[in-house]
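Labels run A, B and C following the written order; every chain starts at residue 1.
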Amino acid sequence: MEKMILKTNKRLECINITSRVVQLCQGKIEDGIILLYIPHTTAGIFINENTDPDVVTDFENTLSQIVKSDISYLHSEGNSDAHIKSSIIGSSVSIIVENGRIQLGRWQGIFFAEFDGPRTREVWCKFIPSI
Amino acid sequence: MEKMILKTNKRLECINITSRVVQLCQGKIEDGIILLYIPHTTAGIFINENTDPDVVTDFENTLSQIVKSDISYLHSEGNSDAHIKSSIIGSSVSIIVENGRIQLGRWQGIFFAEFDGPRTREVWCKFIPSI
Amino acid sequence: MEKMILKTNKRLECINITSRVVQLCQGKIEDGIILLYIPHTTAGIFINENTDPDVVTDFENTLSQIVKSDISYLHSEGNSDAHIKSSIIGSSVSIIVENGRIQLGRWQGIFFAEFDGPRTREVWCKFIPSI
């Protein structure tokens, strides 16, 4: 696998990693899929709009309303909300590769999300050829 | 990849695409997985009960309660709720293929979900053989 | 595919299946991915912290607050909340396999979640080699 290193600066932060994934894919496989996997339990990965940064801010604010950080949890480390957000958003995305390039929809970008930063984090990238 | 075209008629609409996916799989691969990928940022895909349509209506109503459309968002296009629903539900599902057929549980169906329609949309279908 | 059998004892119950998946992977493939797929419509699968069981209890409690079981739904079987939880958490996870072993992050475990038990359930496990 390939490993991508990311640094986050806030408690909850989404980072657009689209261009780094596009770059990483160059010269790897002609045809198949790429699995982007997050090996952390307070982080996640998702695909959404690549144009207006307000979309991601709305996502961050709404997710924080759905899973609140300032209520009482059993887990004593103070980051239960981050673990729950991670389980709801998911630990991986799979994307099609054809002609040596990842195939995203016109408006799509790939976003890494840390819910309990700041942290230094990894994204693990695995290519599976179809032939 | 294969592309499936769908038309939605309402703002929020889930379409049962199970039989179309089953048909699409015929004669493709004997053994492996199929990745069903949604290239849109206000849509998603999920697996749920294939029998009672009320299950999907309950899903639509509850998701609209969890992520409300009529509150204030930063993104000015009026569809932030649809982008957020898309990130929560997810952009793809992976299903096992054996003996040339997709392997679903007894009660399972595959549902495309548009959260900001009506739209004409695509589902991208990629086969990855296991051998 | 390989099938893992699980028994749940409560209505909502998460079971840590990490060690069983690790065992199942032995001698299967050297390099690729494993797809863990849930063939049930009131269950799901997710990756989260493998150490403090309170994290999973917090997850169960919060998810039950987000998707309530005691409100009015159209579906008459009384388990609409379980179907909705299943769609939000997701029916499968994909994990990287290298050197014949699944590659999890340091703190990660794999959890099966039943939202309408007690039930006897299956997890379907499919290996896709990368070469």
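Rule of thumb we're sticking to: a contact is a pair of C-beta atoms (placed from the backbone, for glycine too) under 8 Å apart; a residue touches a chain by one contact, two chains touch by 3 or more.
All figures in this text were calculated on a predicted structure; none of them were measured in a lab.
Chemist: Mind checking subunit B against subunit C and telling me if their interface is mostly the same residue numbers on each side, over half, or mostly different?
Modeler: Copies use mostly different positions to touch.
Chemist: How far, in degrees, do you have to turn subunit A to put its CA atoms on top of subunit C, rounded to the nearest 5?
Modeler: Subunit A sits rotated relative to subunit C by 120 degrees.
Chemist: Calculate how many whole Å lie between the centre of subunit B and the centre of subunit C, each centre taken as the average of the chain's C-alpha atoms.
Modeler: Here the centre of subunit C sits 20 Å away from the centre of subunit B.
Chemist: Considering subunit A alone, which of its residues make contact with at least two other chains?
Modeler: Within subunit A, the residues that touch at least two other chains are 66, 88, 90, 94, 128.
Chemist: Considering the complex alone, what residue numbers of subunit B touch subunit A?
Modeler: 1, 35, 37-41, 66-67, 73-77, 80-81, 83-84, 86-88, 90-92, 94, 124, 126-129
Chemist: Which subunit B residues qualify as touching subunit C in the complex?
Modeler: 32-33, 46-49, 52, 54-55, 57-59, 62-63, 66, 88-90, 93-96, 98, 103-108, 128, 130-131
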